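Both of the next two complexes hold chain A, though its partner changes from chain B to chain C.
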Partner chain A sequence: MLRLHPFRYHRPGTVGEATELLANFGAEAMPIAGGTDLMPNMKHRLFTPGHLVSLNRIAALRGIHLDAAGARLRIGATETLADIASNPLVQQRLPALATAAGLVAGPQLRNMGTIGGNICLDTRCTYYNQTEFWRAALGYCLKKNGTVCHVTRVGKKCVAAHSADTPPVLIALGATLVLAGALGTREMAANDFFVADGIRNTRRAHGEVLAEIRIPLAGPRRRSAYRKLRQRGSIDFPLLSVAVVCDFDESGAVERIRGVVSALGARPRLLSGWDGIAVGSALDNGVIDALAERAHAQCRPLENAIVDAEWRRAMVPVQVRRALREVAVLPPKGVSAMRPAR
Partner chain B sequence: MSAKTGAGPAIATPARGTVTAPPSPRPREAEEELVRSPSENGAGRPVAGGDRPADHPNPGGAPSEDRPLAAIGRRMRKVDGLAKATGRARYTDDIALPGMLHGKILRSPHPHARIVAIDSSRAEALPGVHAIVTGRDMPLTYGIIPWTPDEYPLCVDKVRYIGDGVAAVAAVDEETANAALALIDVTYEELPAYLDPHEAIAATDGPFIHEPRKPGWNGNVTKVVKLAFGDVDEGMERSDVVVEGDYFFEGTTHTPIEPHCAIGLSEPCGKLTVWSATQVPHYLHRELARVLGLDPARVRVVQPPVGGAFGGKSEPFDLEFCVAKLSQLTGRPVKILYTREEVFYAHRGRHPFHMRYRTGATRDGLLTAVDSRIVMDGGAYASFGLVTTYYSGQLLTAPYRMPAYRFHSTRAYTNKPACGPKRGHGSVQPRFAFEVQLDRIAERLAIDPIELRRRNFIGSDIRTVNDLRVTSNGFPECLDAVERASEWKRKFRRLPYGRGVGVAGSTYITGTNYPVYPNEMPQSGIQLQVDRSGRVAVFSGASEIGQGVDSMVTYIVAEELGVPLEHVRVLAGDTDFTPVDLGAYSSRVTFMLGNACIAAARKLRAQVQEAVAEAWETKPREVLLAGGRAMRSGDTARNMLLREAFNLAEAKFGTLGATGSYNTPKDVHGSYRGATIGASPAYSFTAHVAEVEVDAETGFVTVEKIWIAHDCGRALNPVLVEGQMEGSAYMGFAEALMEEQIFKSAEQGRAGLHNAPSLLDYRIPTSVDTPALRSLIVESIDPEGPYGAKEAGEGPLHPSIPAIANAIYDAVGVRMNSLPFSPPRVWRAIQEAGREGRRAGAFAEEATSRSGGRG
Partner chain C sequence: MEVVRLRVNGDERACGVPAHYTLLETLRYGLGLTGSKQGCDKGDCGACTVIVDGRAVLSCITPVWEAEGRGVRTVEGLGRGTEPHPVQDEFDLNGAAQCGFCTPGILCSAVAFLERNPSPDRDRIRAALAGNLCRCTGYEKIYDAVEAAAARLRDR
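What follows is the complex of A and B.
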């Protein structure tokens, strides 16, 4: 079988100890929580840290609870995806997040994988997520050990895809992320956390640990949806993901709407131009089609997955429409529209 | 080329509203669903010759007495089920021997290159490295087919695909072995790579992938077969309809759960033992001895339980030679376990087939002629390819009557992992194309596709157009069963747009009449031994690969000797201790080993009966062995424990043991060259109906349900037969919708690099993707099978793919002629149909509206 390289495993009990270990060992160290992304990547020699700093014994990184004012839900970064998907508070107040967490990989991986790990998931590419032997036969690639991007063939920018399920929802919900480092903590909008660089697509500094996710809550007239395009009903990473959050006013008109599309490029894309189309109108078929077309114009998937990029692009308006119809509580159109997995 | 999708509903069935009553639901208990074929073979007919069938050639057949079967036909557990379900079965990788070293194989990063030099001195200097071997240490070629030995255990002068083995290391642990591989310096001279079989065939000069066998020949061609039966041109001429189509079947691999694993142990006395996860211990035994230059009597092959094979472990592989050689060099046991990636490189999976078919029929739907041209992408080595090339044509000639048939098949070498046999070897691809062709003919002629298949039924006890002898044949009962269970008449062409049903049929061999190396000896042998305690030991050469062969012989021993299942012990797959069985391939084992086992058990039974009869002063045939006791017929109060009966027999005859063997009929095939390939002692038959839902906007196909009717002759244990039927249908469904063993091109970064050698990206369906599967067993009671049994392990796969293709057409009106029917491909087909001005699924819409629509 594929073997792990030798490394030292540290299990600090506090965030301070963890960030200190990370600072001390510098580039030699990486944080690990569930390990469901990092371990296979280590077996593929994409990472060969000499030290792993486990976050699993740090009580401060756990918990799902409302803040004092009841205005925000706070989720500790090492809460597992399975616990988030089944948490009543999340299911009631943030159903799209529960859906997204419940669609990550398969049940065993959700039992181990954490939301923090999902947010910090390494980008993925058909030329990158392969064994050392395979990548050597290829001649490596821009993201690791090589100089050529085999997707764009000319570009000098890595286009490996952001492939996590929860961030599109978190961005659409306006969540913020709390990062803890040796020099203190900082909080930033989830949308600002990601950068369009496939080699390293987050602003998390090397010694920092993602500590908490804070999600503002809205009233009963907020509706949200998450759709994930994948070939199988389990296991697979998204080929395309769509998150939609919409606040309606008392008359049923759109007050505020946000849409995020991901799994195409290095970072989730917060769709632009939606307010002008939808705010003040009912979310009817005409508006939905206009929003979907607007999304389509902004998304151009590349051959970074082994699935037909043209089809993936054509699926953008389809999936956006389906997500919006869920939000608008319109009857599903198309025979498989009720299958949330697709 | 494709049939007109707007041609309207094909069948004059009553509109939905006028159907008086739906067919009554089928009983749920599978026993009640066993359909006895009323074929003229005569169910339960006694075999001529009374109690003692001859060992040779056909000892089995129906039970020899008019008595109900006690064990056979009952729903029973697998004898190894509990151990496997609870993790206590010991697979090859579970074996750890004292002092064992771990081996790794260095693999080529080039698709086609000359090996200029190998320098392993740096690796040899690494502490913990015990031995390194290269191709020069084992410079003899091997191959499962004796006429095409084109592989070395490790490459000698050339590498032919990315992943080809170049050197092997034995070290104290896997990490050290891996580190050593990185220190072996290989100098290559790259050669142009062939990825496309058509280009490989068209090549006029070298360097070819293999040396041409004769000067001026193309070294990129493994085999060409051209055969014609009847007058195809005349048949086409008199046809009222000729349907022509191009089809492409993408390659797929087996994905067994257990990766290949082997352990070699060379002892100071010169004896070599190899434990291996193989389907063919006997062939491995022969090839190890030959390639390593050892007396076969000093070689032992042990085959532990195998965690899935499906044809992917049915020939020798590099790791088996390497562990043997490395153990000889080090004097220590050496283990090699493939990584999942290496399993993809070892491959031997289904060949990609480029197929062109022309099929003619009269206006009544009777076939007139079939003509095919097939180009097969074989990968870097021959493997079973010679046979595959024949099978691509030979196995199509039932269950339908073909007055004239011609095929021309060419197998090309390409610089990719070698293709070989996968469940339904060589005949799944043509069956896909042919059954879609039949659907198109039915559409053109406005005949229900099930009715079309019935009209062309070839019959039982016949010879096919290519002179294969077919005996029992329950195909019509298979069609009836799936038609009824699926409520076909209510659904076909009547479901709303996006939903559809499709049908397909097939046949498959129950073993081959000729072994892969010519010899006159039995194909399968068994030895039974009876103990004073009442237990029976079975020494079986057959390979338990999860299909249940150890269980099968247990049931037969229980049936014939009356012992409880738990008193039967099976020792299998050990060439030192078990008679030869040729291996678990071509669906041969139940038929052949089953007959051998019946023969052996009946010899023992006769001895026991004779001894007990003597004690009771009666005739042997008055003594019954059943339920763990010997009983007097008609006076069952007169009885004794079997153990006591065995003791009486041992006192009379000495130590009790018996052998049995089976050999195939050798005189039942045509006289043309190649006529023996495809000849089988019996053929199974299958029909499927698949019901699908197609999301036209995304191209997603959801297979809702597959109804599988299979004529297995007799179900020795219906649970295991159903397991094979469901597993086959699942595997076909997986190939239909998802699986693709494909490779990057030079433009995609590296010619010949496997696209996705992992179970994350090589997608096989998960449990949540798998359709509901409904097994409907049909029993035709084969005259030569053990108790009438035929194969069930491979035949039921065949119709999955065309039934799904035909159902997609029923759902949305597009013909899917290329596999897999993945969402992008189905989406494109629907888009293109729309662009051509045809309203996708027009007929289905029309049928719906005519019948008043649905909700």
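What follows is the complex of A and C.
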């Protein structure tokens, strides 16, 4: 039995009321939507807010629709992951996002969890996502209540892993996020939203609410893929995730390509050097191998998850190749034992 | 203590609870509905699964206030009187329960799933029950039971 600490629960009907409550209660308040990340974390005493401000009764935070020009898809932040994964518009226009949303956790958690919550998911680490009793026995850790990082042992920087499935896809797609606060709203690129600090890895200010996700759409020559490595296909967080978005020209050559690798460090990594390798070429096996090698060189996971970091690193080029072959519409090569469950 | 008003299995119920209670704690310790089980109590195992507005959710990580004004169904409300729900009946006929601790949650996941997907294949049944852990059965008899129940519900 894991009991919650005492708190007050607020159910505002508008974004303005929500941000006002958050501003009034200051550091004592936290927003909550699906609660699938925050509630277990509160049961572990990782957060003990005196006030929870629910976003679930705010109609303005819902909806999945095209903007007036038909150039962007707009998703309200409290749309559930289950609804996004099964939405025909998302499936047709942003299939990698539907895949990623459908691979988050298990069915009940996708029925509850929202895309906004997934984007704002707290970072995770073997030494952090534990009960109060467990963490106290170890003298706590750098991320919460302690001064020592048990992963790096010497480091003064928290290396808890960004563990959400939708942000790598959103970054690869060039999505922007709309944040609402007591002083107004602001919009920023998904790639700029995350910072490489495991203690708090987003630029969402305290009291701000993630309101909407805006995703630019492309024509039929864009292809995308998302792959997730995890222990159990039925429920787990990613040990490694890969998102790839590629635009092809009329001849079938790569016009623009973006790859994102995540679940290794505190923020998703937008891979560098890919355009130089692939633009102007067909996405054939040689180019795919070169891109995978380039990804491998940029990724150095630490022992922040229960699975061996060297093995996770060795899986980077494997998963990147599989994602690229999906995008290139090449048949899968070899045995695909870690094929994610759909 | 505050009064929360819930519609549980078709009944309007009111109950005094501390403001930080979960839906599961309210069902079990406020309303005496102990069919929904407290397993891991942190959203991993699925034993606390109930149906809220037609969707299977985890009551152990649902703040009770989120269930106010919505329809809650628990294992106690799946059958009618002494008549079990076809999924419950097929669990019995197929030997799909052993210790039974996971069973109420699996029944709720299965019923919510079959109401939206009357003709699922076995893979879809497996995916729908992926959020419910069972340490006894090895799952095969559970899938058998849900498959049989789906056929019965279609014929009804």
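Quick note on the criterion: the second predicted complex is superposed on the first by the 337 of 342 C-alpha atoms of A that agree within 3 Å, B and C clash if a C-alpha of one lies under 4 Å from a C-alpha of the other, contacts with A are read in each partner's own complex, and residues count from 1 in each chain.
Here is the rule we use: contacts are C-beta pairs under 8 Å (C-beta built on N, C-alpha and C of every residue); 3 or more make two chains touch, one makes a residue touch a chain.
Quantities reported herein were computed from a predicted structural model and do not represent experimental measurements.
Q: For A:Gly63, decide between first (touching chain B), second (touching chain C), both and neither.
A: neither
Q: For A:Trp311, decide between first (touching chain B), second (touching chain C), both and neither.
A: first
Q: Of the two partner chains, chain B (first) and chain C (second), which one does A:Thr126 touch, if any: first, second, both, or neither?
A: first
Q: Which partner does A:Leu2 contact after superposing on A: first (chain B), second (chain C), both, neither?
A: both
Q: May I ask you to decide whether A:His150 touches chain B, chain C, both, or neither, giving the answer as first, second, both or neither?
A: First partner only, chain B.
Q: After the superposition on A, what does A:Ala136 contact: first (chain B), second (chain C), both or neither?
A: first
Q: For A:Gly13, select first, second, both or neither according to whether it touches chain B, chain C, the two together, or no partner.
A: Neither chain B nor chain C is touched by A:Gly13.
Q: Could you tell me if A:Gly106 is touching chain B, chain C, both of them or neither one (first, second, both, neither)?
A: both
Q: If you tally the residues of chain A touched by each partner, is the higher count for chain B or for chain C?
A: B
Q: For A:Ile235, decide between first (touching chain B), second (touching chain C), both and neither.
A: After superposition on chain A, A:Ile235 lies in contact with both partners, chain B and chain C.
Q: Considering each complex separately, which residues of chain A are in contact with chain B in the first and with chain C in the second?
A: Residues 1-2, 6, 106, 233-235, 341-342, which sit in both footprints.
Q: Spell out the part of chain A that touches chain B in their complex, as residue ranges.
A: Its residues touching chain B are 1-3, 6, 106, 126-127, 129-131, 133-134, 136-139, 141, 148, 150, 153, 229, 231-236, 303, 306-308, 310-311, 314-315, 318, 334-337, 339, 341-342.
Q: Where on chain A does chain C make contact in their complex?
A: Against chain C, chain A makes touches at 1-2, 4-9, 11, 32, 35-36, 39-40, 43-44, 52, 54, 56, 82, 105-109, 111-112, 233-235, 341-342.
Q: Please give the residue numbers of chain B that touch chain A in the complex, ascending.
A: Spelled out, the residues of chain B in touch with chain A are 107, 109-110, 162, 174-175, 178, 259, 337, 339-341, 498-499, 693-700, 702, 738, 744, 747-750, 753-758, 760-761, 763, 765-769, 822-824, 827-828.
Q: In their shared complex, at which residues does chain C touch chain A?
A: 18-22, 38, 41-44, 46, 49, 55-58, 61-63, 65-66, 109, 113, 127-131
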